[in-house]
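Chains: A, B, C, D and E, in written order; residue numbering restarts at 1 for each.
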Amino acid sequence: MSEQDFVERMAKFPGSEVKLLRKGQIAMKVPADKGHEAAEYLKKMGFTHLVAIEYVDWIKDNEFELVYNLFSYSSKMRVFLKVRISRDNPEYITFMDLWPVAMTHEREAHEMMGIKFKGNPNLTPFILEDWKEIPPMRKDFDSRKFVKEKYDSIPFVEDEP
Amino acid sequence: MDYTAFIRPEYVLMLLFAGALITYFAGKYSSMARYSLSLLFSGLALLMVALLYGKNTLSVWTPSITPNGISMYVGTNPLTWFFAIILASLSFLTIMYSIPIMKGKRMENWFYTLTLLLMGSMLGVVFSSDLLSFFIFWEMMTLSSYLLVTLAGKRSDKAALNYMILSTMGAYSMLTGITMLYVHFGTTEFSLLSAQIPGTPVNFLWLSLGLVAVGFLVKSAALPFYVWAAPAYSEAPDGFTPLFSGALSKLGAYGLFLFMYVIVGMSALIGMGSFRGVSSFGYAIALLGSITAFIATLYAIREDDIKRLLAYSSVSQVGYILMGLGIGTSLSVAGSLYHALNHALFKTVLFMGAGAIIQLTGTRKMSEMGGLATRMPITFLTMLISIFSLAAIPMTSGFGSKWLIYEAAINKGFVFIAPLAFVASVGSFLYSFRLLQAVFLGQLPDGLKDAKDPSLLVTIPMIALTSITVLFAIVPGVPLGAIASAESYMGIQPIQVDSLFYFRIGNSFGAYNALVVMTILLFAMLVAMIMFAFAGSKSKKVDQHDTYLSGEIYEHHSDLGLHYAANFYRPIERMFEPYLRLRLERTYDAFGRGYELLSEGIRRVYSGDVQTYVYYVIGFLGMLIILAGWWW
Amino acid sequence: MVDEKEKIVSEDMGVQVDKKEDIEMRSFGTIKRWATKRSLWMVHYCTGCGGIELAPLMTSRYDMERFGMHPMVTPRQSDLLLITGYVNIKTLKRIIRTYEQMPDPKYVVAFGSCPINGGPYWDSHVTINHLDKYLPVDIYIAGCMPRPQSIVKAFDDLMDMIQEGKADGYLRYKKYYDKYKANQEKIFRKWW
Amino acid sequence: MSQTKTIDLFFGPQHPGITGNFSVRVTVDGDTVVKAQVIPGFLHRGFEKLMEMRHWIQGPALICRICVPDPDHSETGYATAVERLAGIEVPERGRYIRSLMLEMSRLSAYLFYFGGYAGSIGLYTVGQWGVGDRDYILDLFEELTGARVYHIFNFPGGPRWDTPPGFEDKVDKLMDFLEKRLKEFDKLYFNNRVFIKRARGTAPMTKAYAQKMEVTGPNARATGWAIDVRKDDPYAAYPDLDFDIITQKEGDNYARVIQRRMEFEQSIDLIRQITRKLRKMPRGNVRVTPNPLHWKIPPGEAYGAVESSKGELGYYVVSDGGIGPYRMQARGPSISHGVQVYEEMVVGQRVADVAALMFSLDVCPPDIDR
Amino acid sequence: MSITDIVAIIGMAVFVPLLGLLFMGIARKITARIQNRIGPPFYQQYIDVMKLFSKRSNISHSWVFDIGPIFAVVGMLTTMLFIPMGGFQLLSFDGDLIVIMYLMVISGLGIALGAGASGNPNSGIGVMRALVLMMSYELPFVLILLSVMLYYNTTSLAEIVSKQADMAWAVLALPLSAIVADICLQGQFGEKPFDQPIAPAEVATGPMVEYGGKYLGMLMLWHAIAIIVEGSLFVNLFLGGGIVFDPSTYVGMALNFLVWIGLVFLMFFIALLINAVMPRYRIDQAFAFYWKWPTILAIIALIYVMVVSSW
């Protein structure tokens, strides 16, 4: 099956916007409420390998983009399944039922971006410890300002006269 | 008044039986009277037994009710005295210890009455000098100990029943043997019997001695009959277990000593067949003893229940006593008697300590305790020394006895018995360390933060017994002196004891000089202490949670378990599990079930709920009758 | 975690004098310090990228066991704490716990640019930029990563410092204990 | 704290039985693990955030620090992603040099792996030999790039410069040496009866489980599942090289170690192919990069993956047309087999095998933390 | 007991730890050479002990924790004095092999107590492994001891040594026993493949987890003595106690002593070589190993002795 066939088959999924990015990489955008359905659809097409769940903060659109990076070992194709959710109340459903490893990726996205995944029982602190600020990977988190305020303000111990 | 006239064994017995009765009625009204009277009677009895040292008496009493003039004989001799002093002192100390431990427990009054009764009947067993009174006291002892086990309440009923049924089985077997002896020789008095033994047919001796031995093996919980021991020891009231394990289990060994060496005698025993200069009968007992020691050790390694662990340990240690007893040389019999003494000393302390800890923590599961060493230093130290004695560490008297038994076994070239016993001894390090680790070392649970040593009435008996253990480690000659006279009474060449110094035991084969070993140990201890105290700087005490957690922070994890106590020896259990699955209980159960099927008809007559073991007893009894009938 | 008495330190460390330690220093000090410098056991702890260069250092090419240095498992047994690279807050907590479990005298060697001033992670939200605000460091090794040769040189310098009594990080930690603790508390919010 | 039936052991962060600054809390009943909880994050530096504040060309300087034992794969993964996004074609010689570096890096990582697993079961000599031999590879890296560990050499557009003269011969000589050493390792290690006894049958992973849990790399191949990014999503010079995917069947510790040992041989073979090609090729043209300071990349997104020594290592790069990445996210191989797979597989193992399993899966904690 | 005896005892008590430390230092050097390294100087171990004792602070969990190192040194020091050492038969007539076997246990139990008191689960597991390992190698070892005791018809180690001087060395008379005993010696030394109790990657040095400073220094001394004691036990049992020359002259005595040192080192050296090229078993595998082949071989050796001695 050629790349074009895949694009056509994906385009059949209701509400999807499909784009062939380059050789072997396809982007497919679906509405947020159809994300899980689309993932199932793609999994049936042979995209069995969930490489990662990528998360992008499109602060201008006030949206988070979740990119489910799927790969098919049978046809050596890759598809970025994209859904966008609102930044104000970031919440999405878990994909753990399709790919168990999604649990870890979702844990990470929850911690770094503050997205809640309904159905994931394990959204506990993962990499950070005692983090009280806004999630660090968000675009509005200014890391340099934070460093200045937190670490650079601490005095040296032995700067005695 | 010449009170020495009253220092006779029969008066000891009378005192105790009367004392039991008085204590019962007095105790109904006042607990203070109960405590003081039971202490008084047992103390008095202990004093009298102690004063019996070196005496040889024999009294006859012919009751008018016996049809053909059977008389009852009671007397004392070195062998008897050796056991009597152990039994009496343990009974006294246990009663003392029970006062705080049994306070407010179920049927407290009965406990003291029965304990005095048990003390009387145990002393009766060792003092009796004829078959009939021996058997009567034996049964009294079984019954009173059975009742004591049931005192703990409902959960002990099944254990007590097991104990009773196996004891009954042993008693029937013993009775058959005794009857055979009586019918054959026409007398019950020991010395008369032993005079007639030479020249008796070997088969007859094998059968009668074997039947009698079953009764004793049951009591000492040797291999095929050990199934009652663990449940009975563990379910019995905490106040009774020290006596049960420390004293009562020795009587099986005493019985065997009595029948093998006093009644039958060494030459007749050898005449029954011998193996490398050791009588075949004795060899069988020794083999049984060593296998018991080994198997029971494996069971003890698996236990998490502190009393069951000690129970299996008891079974295993009694195995050593049987081993020395069976080999029957001068060294081994001395070792066996010495080990009986040692086991009485250390196991009593261990069960006492266990009882105190159970009372404190409210559980018997060792994995739920921990870190008590610094909170209960006296209990810890006494139990530690007792455990050293149990593990035969050379700074305690427990080493001397095991050393004698090994020497004897190796001297005879028993390549099966000696390694088995040695590995069992290594196994005893395993289970005794587990006890230490789980109860005294490791992390202290929050609930036990304000634990402290039990009252003086508990600690004094423990300290007393422990100091004897340490003392005998330096002067093993003292107990061995008494043992040597017992040996010569039994017609065995007495062990040579250096009467001046009491330190060195040994022969051409090997040697053990207790004084040198102890001196060097103390010297090395001094060196190490000096090194520890003066080299390097002082150490700072840290909290129990300030420990190496691979750098992790303790406070970040609320539910940490750091006390390694449960399933301690999992790797070794995994290796033995397939073999230990063939538990003997199951064999008995299977036997019982088979019998149940056979006696379907009888089942209709009885109305239902009858224990399977009962069938087994009935069957065994029938078998004995058939056997005995066939012989005559 | 430090007693009042222990805060007093000897004179050749450039601070106050304690009689007992002073005597000790004079009598066996030289031998003790010689033994200490020739037998530095380090905690088996790779906190960052620098740990990768410890492996060649421990093995046949650079073989630091020649100097009596080798890794020990627990902090209780060790003398030397190597901070091998950037320090993240989460790690810093463990480092401090480990450091406090080590017996005196103890030394800290910091690898690479990151513990000095943050290195390439100077603007990262989790790496502390100056390690010596929280722990006394005896020797820094600059570079990313420092080559094994420079690490060996650093250890050599540390040994000289120990012999001269200048490696006084653990004494400084005691002296400024309150200040160090205050800094640590500021950064952790929830201490332990 | 109430006394429970189980105890908790911490493997890490400061523990020899761990593959870096990482922590596992195992709950043990007797000596069998009943529960495990992975605690990562000790190596977290926020790379993805830092990258957003850097230029495109500054990437390799930072990105190589993600996984220390195997830094070239990180660089190349990032470079591949950016090249795909910008539509850059690397010259052939550049691609071959890249492959050469990757395979050398794989060799050095595997030598580390052998030592690590052997160390976890007590055979320290392998570690000493292996790391000693690894230093020769580092010497060659130093000759080629000027650095021992972090090379910062594989930029988007190609390697920084061409190989120095005579480099290919030196590489070939080293390969001969390593091949000889491998025979000694066979004697000492791979055929050691105690090693086989401990490793065989320990913590087996089935192919179905590997597929379900997205296990990649040698761990997946050890179960008999023939996947390899070098074949599935080719990059660098791999489409032109001749090699087959090696697999094992059992998927236990033994298979995982032997899988690496086989791939070690394969890497040596690949390097020989590359040096043969490099000698024939004209020198010079290795790189195409526009002016680095004003280099802008059109908006879009791309993913570039490489087969690192631990599994699939990929970079997802998003551009909004600026001078640096809008978003960059790394997909480390350990994110699957270092967290969930490990937590599940260690249950039922003995305490003795907790570290061994960790080393045999070759968990690389910085992959998870980043 | 004369003054010379006391001097000899004290002299030995000082000399043996130093010798053991030297052996450990040489061991590190040899291991380093096997691993293609230069290794520390041979006197490194002395420096380590000096450093440990000069630590400025030590920690303790409770007084039971302090018992560990004290008992370790006490037990080994005592055992040492009852073992013939190259012609020096200090107290070996006052305690036979069984006494020695049990004296050796004291230090182990002491360390176990101290380690347990530290309340660290790692040390608990380490102690468990040590005890299980002891139970593993003790079965074949006891069978071997029995074969030697039966062959020479004595349980006294001093007697066994002197009888070997008259007859052939036991390693020639009972080769199978010697092989099995050497396998057991590997476990007694705690060298790989039987170093489960201290396995760093598994239980982080097991019983020693919490010990540092002077505590660790004392444990190191204990280990130093233990090497000599265990090696010497083997040398006495199978290599004639190192007595080659006529012990009545001073020169002969001195030479015998040197031979003894050499033979003990030889045993340690063999163990080291195996140690350097072996990973460790799991503890249950070690147990299964010892209770299988060495035990079967030991039984065969025992049968051989019984057949030989009954002739």
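Remarks
In this text, a residue touches a chain if its C-beta (ideal position, glycine included) is under 8 Å from a C-beta of that chain, and two chains touch if they have at least 3 such contacts.
These figures come from a predicted structure and were not determined experimentally.
Counted as hops between touching chains, the shortest connection from chain D to chain E is 1. Shared contact partners of chain C and chain D, listed by label: A, B, E.
For chain B, the chain whose average C-alpha position is most distant is A. Of all chain pairs, the one linked by the largest number of contacting C-beta pairs is B-E. Ranking every chain by how far its Cα centroid lies from the centroid of chain E, the top place goes to A.
Relative to the centroid of all protein Cα atoms, the closest per-chain Cα centroid is that of E.
Between chain B and chain E the centroid-to-centroid distance comes to 35 Å (mean Cα coordinates, whole Å).
Separating the centre of chain A from that of chain C, both taken as means of CA atoms, is a distance of 41 Å. Centre to centre, using the average C-alpha position, chain B and chain D are separated by 65 Å. Each of residues 35-37, 54-59, 121-122, 124-125, 128, 200, 204, 209-210, 213, 282-284 in chain E touches at least two other chains. For chain B, residues touching at least two other chains, in rising order: 443, 540, 546, 548, 550-552, 561-565, 568, 571. For chain C, the set of residues that touch two or more other chains comprises 44-45, 59-60, 73-76, 90, 93-94, 98, 123-126. Taken as a graph of touching chains, this assembly has some other topology, since it is neither a line, a ring, a star nor fully connected.
Taken pair by pair, the chains that touch are A-C, A-D, B-C, B-D, B-E, C-D, C-E, D-E. Here chain E touches chain B in the complex through residues 13, 52-64, 66, 69-71, 73-75, 77-78, 81-82, 91, 93-99, 102-103, 105-106, 108-109, 112-113, 116-122, 124-125, 127-129, 131-132, 134-135, 138-139, 142-143, 146, 149-150, 153-156, 204, 209-210, 213-215, 217-218, 282-284, 287-288, 291, 302, 306, going by the rule given at the top.
On the chain D side of its complex with chain C, the touching residues are 13-16, 20-21, 41-46, 49-50, 53, 61-62, 65, 68-69, 112, 115, 127-129, 131-132, 134-135, 138, 148-150. On the chain D side of its complex with chain E, the touching residues are 7-9, 15-17, 28, 31, 118-125, 128-129, 132, 188, 192, 194-195, 197-198, 350-356. Of all the residues in chain E, the ones that touch chain D in their complex are 34-37, 121-122, 124-125, 128, 192-193, 195-196, 199-204, 276-285.
Those residues of chain C that touch chain D in the complex are listed here as 43-49, 51-53, 55-56, 58-61, 71, 73, 75, 86, 88, 90-91, 94, 98, 120-121, 123-127, 144-145, 147.
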